[in-house]
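Pasting the structures here.
After this come two complexes, each holding subunit A, first together with subunit B and then together with subunit C.
The block that comes next holds the complex of A and B.
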């Protein structure tokens, strides 16, 4: 429906509403992305590293929310357990660096698996392991729907949380510090701006992947699985595998974001596995606007800004976050992007 | 692996189970009747505990405190239903999850604001402290036995309420066909408020009773809430019977797992590793149990909705 304006012949009379609508949306999106890219660069050259790292944080959280948005927004699968993938990604980075740091193998039997401080290896491992975990969790959870699905994904995430909490080798509830910054060939990943740009590229790739997926046949099937799965089944496509694949991709994106986050902080702990974090990711998706490509980014910007600004004023900032969130859910159902850029989905 | 330990841990498991039942019955009623998923149920647990601790400290009477705690939680529940929850019945589950998540933030931070971050002191009254000797020479705290007793009494009372009274008839009718009982002249919105307040009051009672055993602090409702979710998913959402059996199953399996799994692994592993592996596996045990049950019965053991 975005293409309604571009399909018209040039010079033809355009419906003013659609034209303005398209422009406004494009403008908001470009402004958002442009500011996210330019402000940290400016901050870096002014010497404000704090703001560069804040931008990296926003970018990574946005990427995790892009992953969740694929499940919730496009697939209609309300996962309350995406912290599990974010945390697992983080622990892959942490554990890998831990073994690379003291030269012990991660696994010695049946095959020897050494630790690694190469980010490419870590990212691949994080994405693959999160995909594998999501395949198992998804295969069981997707047998159910509605409230059951919400609670089961939550319960599985809690299982991982308690496991990380009580497993002493990698810090247990104290968390696992990462003593070395994991590396990439040719790049200085310890540099704040370089690391921000890596995260930024990650976010763009995740958004591009989502966009491509949703324009493909697979995306059409996923949309139909959300809207009416009986109709999808009637057309000869089974909804279950479609949902499962979307769930796995969603988890892999969130897991990659988790690996980036662990390296940004130099630390990973069960906090990122907690259900509070799953809730926050959902909040971000909703704040931004469910099922919109730029929704997670808008939500992450708003959330982290609120956290930083309100958190600077009062230590009880979560009370106000709660009130804002309640207001958004009750009165502004289409999120920030809905307010700024007009409605997108005809629901 | 003495018999004494087994009896003691079985009782602990049943005690955890009965308290989980108080939480889970409210959750499952609210879902069964209104079709609403309520994350803020743990907040009523916390409200009950705080109100009990505050009133007990000022009046010196635990029973008065307990009544005040239960009443405070029920009133909080009724207010929340009237102001917020009422607008959510026709919304998708996602909106319900987020709005009630927002309520958790508001309740938790509000409580922290009023009472501060450090835990409050609440201990059982002196006439409930002490031990009884059970068969097999097991010494067991009286207070925990009382908790089991309270759980049993509430379970029976709920059963009578739902199967023998007019209110219970309406609740059952609401579960099977919401529109129809509205058409028959039952005041649906009043029924919803009453059911919600009842569930909140039970959660508040559980919070107060457990608060005297552990500690009264912000966020105390959250682990219990998640366990209660596991309980109602296992038992079948909307079923009180399922909630009772699920709660006892989860309580006993969780408690025994935490005690016996490390012992079991010590049989063929070095002790330091065994306790780690055992503790980690014990923490996951009920979730594994839930996954197995759901793999065979995706709607739980006793689903009210087919």
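The block that comes next holds the complex of A and C.
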């Protein structure tokens, strides 16, 4: 008969395989993180600051890609405009430092907003402003899907690119220098290793947030929005607000990475707002493995290493990048992480 | 009509010159299976779309448990208690059966903006989902990915998803389609028991199942309900025999 509802002890229904265990995937992930942490420390004590900064660069680009991966990989929203958030984050750091350096207010009416060289203030402002921008862009873009979504996100990002390009107050196309790296209480952010560790913690937090998010109810709904939004709606959950919130979080993470990047380089220019950079972030996500937690990190390592090593040999290094991308797309659809760590298991 | 769980009042839908739904009124009462049959092109899909919320009617209204749902979205209707299954099953294939069913439980509890608690340890989601599966005699497949399931099992999962919503009414769109005799018989058996808990509006081609299950039958031809009654009345109705059944089936 149908009413077979048995009496079970609370918590008797369990998903199989939710216990933690160490396997090939865990080994690859720990190796990747371990090397990223240890190599810069070694380089620092050997006096090779260049390599410390290179590691910071990889870490920041990886963090930006973690943000994009939340939209593309987990949410199925192929944003071709994430440079907008990366760039906005960078300009927040640049503009704030500019006013702090000049002792001029960023805004004097209706409220007075001074500049600040405090990184905590800058990061908060960058995350909030990027979230706000993504709320507006996402609210409009998410009414479309597929190619239209790609194009509309690109169009918004290009608008912001040209705006920054033609705004002389903050350097226009020449960009805006940050003369002294923005500061944190008690820490010397000017020290290359300290700054690397700050970036590293940022990356870890972004990945931990993504991981936790995707295991929650929100993540379950986002996954369903990606796999079958008809099922999600039929279940009684509207896909649109779920996607929009994911898009906003994604943008905030990428924006924070942008702020870190501006301070690493001591410079921000419209280059980081251009569609080339949106494309590079997409390439990194695809290289590493779409929708894989460690995919953006693997992709960023590969991308920046190729850029640095091959770029030192030939200015046509992107030809080789193209070949690698071709290989990944054709033969390893789950990216480098899929190749090294095996396929992701769905429970 | 007063105690109807789901009722349609004078629905009209036109696509250009085609009058796809022409003044359709019907209702679904507690404890019954109301079957909607009709030949291909009769406008069944258009009518289902208007009940489920994918299509807006030009005129008329749809009520669920006394609430007008005519202008509500698919998700809003589902939350109000309209469960449905699809002609071609619509599930997230890579995910386990449980994950699919848990989505409905989550919607019912209305907490999708929870960002930290792990779903895989959330008894408030797991238990009701598992119960819905037990109800459809499918709990042994709980952690199997949907793509490994047979056609019939997928139908059962869809019904379980609908059941997990604790629905007031079920809208089943050709649940027997593509099932073998065995699967069809099993589902028929399950629905017979189920109707005591939730009234079912059944759209079905399988005449054997319809005549066995349905308490009332409405026949839709060219957008209009041309006949209405129990299976005996419908079998005897000359217009229905002409339009749909054909003499050999009578």
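To be clear about the criterion, the second predicted complex is superposed on the first by the 322 of 347 C-alpha atoms of A that agree within 3 Å, B and C clash if a C-alpha of one lies under 4 Å from a C-alpha of the other, contacts with A are read in each partner's own complex, and residues count from 1 in each chain.
By definition in this document, a contact is a pair of C-beta atoms (placed from the backbone, for glycine too) under 8 Å apart; a residue touches a chain by one contact, two chains touch by 3 or more.
This structure is a prediction, so every number in the text was calculated from the model and none was measured.
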{"item": "First (subunit B), second (subunit C), both or neither touched by A:212", "value": "second"}
{"item": "Touching partner for A:221 - first (subunit B), second (subunit C), both, neither", "value": "second"}
{"item": "Which superposed partner A:179 touches (first subunit B, second subunit C, both, neither)", "value": "neither"}
{"item": "Subunit B versus subunit C as contact partner of A:325, first or second or both or neither", "value": "first"}
{"item": "Touched partner set for A:50, first subunit B, second subunit C, both or neither", "value": "neither"}
{"item": "First, second, both or neither for A:78, with subunit B first and subunit C second", "value": "first"}
{"item": "Subunit B versus subunit C as contact partner of A:238, first or second or both or neither", "value": "second"}
{"item": "Which superposed partner A:140 touches (first subunit B, second subunit C, both, neither)", "value": "first"}
{"item": "Subunit B - residues contacting subunit A, complex", "value": "31, 37, 84, 87, 93-95, 97-99, 101-106, 108-110, 112-113, 222, 226, 229-230, 232-233, 237, 276, 279-280, 282-284, 287-288, 290-291, 294-295, 298-300"}
{"item": "Complex contacts: residues of subunit A adjacent to subunit B", "value": "72, 78, 80, 140, 143-144, 146-148, 150-152, 154-156, 158-159, 162-163, 165-169, 275, 279, 282-283, 286, 290, 316-319, 321-323, 325-326, 329-330, 333"}
{"item": "Contact set on subunit A toward subunit C in their complex", "value": "1-6, 8, 10-11, 13-16, 18, 212-213, 215-221, 223-224, 227-228, 230-238, 242, 245, 346-347"}
{"item": "Interfacial residue positions of subunit C with respect to subunit A in the complex", "value": "52, 73-76, 78-79, 84, 86, 90-96, 98-100, 102-104, 106-108, 111-123, 125-127, 129-131, 134-135, 137, 142-143, 145, 161, 165, 190, 193-194"}
